[in-house]
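Chains: A, B, C and D, in written order; residue numbering restarts at 1 for each.
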């Protein structure tokens, strides 16, 4: 792949779940990062994207790989608040770190979601070991394709 | 079936979704009623019980049949509130009537859930055309078995 | 239902699996009969219809109900022969009785399949306790709908 | 990975499907090869392994990748013969090349299956661009894990 990739912007989070301290992409250099942008009540997230992110976290647990959830609430903010997310994550036994995307001051779309230019949820962003965005997709990706991309990035 | 069945207690709801006015079991005499007790963030509800109730509503739309959701919140009350339920129902395109079970004064378990003696969510209650409880089950039931029971009650 | 139904024609089989002796519809009066017409290498049978017939046999095991497979080979006869069917039934652990539809003399379509007027495989035929055909469908039926129809016929 | 891998033994086939001429592993140097050993009437093959091999063939169609089916009949030989396989492949719309493993003279287990030391069906063998066996597994592998392994081998 000879394209020129941009560096992933840093995650801006108002809080974190399943992580004792905030994670930064810069400290994750050397690891492949899967960023799963979701809203807890979005059906495509809940039924497909979020279980897939959890499966990736488990499948590549022994590799230099980090799955991170990014709760990018851009609608129904009062309902999908951090307390609700905490219950959701516990009930669905999500174990990977989840960042609550920082609400923006003048927009319903939160800060990191804006910086990543995501169109909706679920969105999947793959960041290589150097911190470059190698894949960004709104919607579904098959497990086979996702595994294939992660495998290729792990081997770089 | 020669057993003696008890009459289903009336639904006590603080509000309703997908229904212009409150439904009562007494006005539903002559119809088979499926009562699906759920909590919006309970995985067994969201992934199995609630879609099954929706499928039953559609499958038996031309029969004297009524599916009713009963949102029996007994934990995380502040998160699974009526506003959250409204968003959930819209996002998951639930079209059948849903009663918000009336919170109890001295218990985390809401009123109708107590009266029905349900053990948790999801629970499924089948009420025959005379208003008698013919089946009550905590947990999963296959579509085939549920269809079979509804069919038998419809034929009475 | 006030329609006039025709009586199901008798099964004409060259051999049987999973039954010590040939079954006849006339001796099954008083039972609801599900006839699952299939070919062992038809994907819609193998992936949906046949497992569904097996599930019905199990679900209604305590009821006056009989599931019967009807191996209606109308193409690739040399490949889907009775020996192959035997291996198939054992490998897929089919336990319900299966009739091998009698090959016809002047047609690729076997005898019972012709008499039932079936258009292809899988086809589902429901026969009531009096021996009347109440439902005949080429293609898929949901478990919920099938359960509902069986339940209604059982209650007659 | 610093282990020493053995070279994959050449495929010995009595015939091929979906390929105008026999394929050899030696001519596939430079490509990652997925070898899917199966029997057409083995449920774990038919329901999981074979569709997975087909999905891999499609997912990695633009990569230096080749999926090959290996019909390793070690039981019920007369039923799962090449004619039956041909019908099966057509009915299930399998498009990737399939080798019929050469029957052995003194064993029910065919030649290539013996050389690969496979324990049963389905078995999955991954061969890297140099022709070395990098993974061999009897039973199921998730799509995510398989994708990950293929991706890593493609990147070498």
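The rule we apply is simple: a contact is a pair of C-beta atoms (placed from the backbone, for glycine too) under 8 Å apart; a residue touches a chain by one contact, two chains touch by 3 or more.
Fair warning: this is a prediction, and the values are worked out from it, not measured in the lab.
Asker: Listed by label, which chains are in contact with subunit A and with subunit D?
Answerer: Chains touching both subunit A and subunit D: none.
Asker: What's the farthest chain from subunit C if centres are computed as the mean of the Cα atoms?
Answerer: A
Asker: Determine whether subunit C and subunit D, two copies of the same sequence, contact each other through the same residue numbers or different ones, counting it as same when over half of the numbers at the interface appear on both sides.
Answerer: Shared-number fraction above one half, so same.
Asker: Subunit B to subunit D: how many Å between their CA centres?
Answerer: Subunit B and subunit D have C-alpha centres separated by 49 Å.
Asker: Would you kindly tell me how far, in whole Å, the mean C-alpha position of subunit C lies from that of subunit B?
Answerer: 35
Asker: Can you tell me which residues of subunit B touch two or more of the remaining chains?
Answerer: Residue numbers touching two or more other chains: none in subunit B.
Asker: How are the chains arranged in terms of who touches whom: line, ring, star, complete or other?
Answerer: Chain contacts: single closed ring, each chain with exactly two partners.
Asker: Hey, which chains are touching each other here?
Answerer: Chain-chain contacts present: A-B, A-D, B-C, C-D.
Asker: Which residues, counting only subunit A, touch subunit B once they are in their complex?
Answerer: Residue list for subunit A touching subunit B: 41-43, 46-47, 76, 78-80, 83-84, 87-88, 91-92.
Asker: If we count contacts the way the header does, which residues on subunit B are in touch with subunit C in the complex?
Answerer: 52, 55-56, 59-60, 142-156
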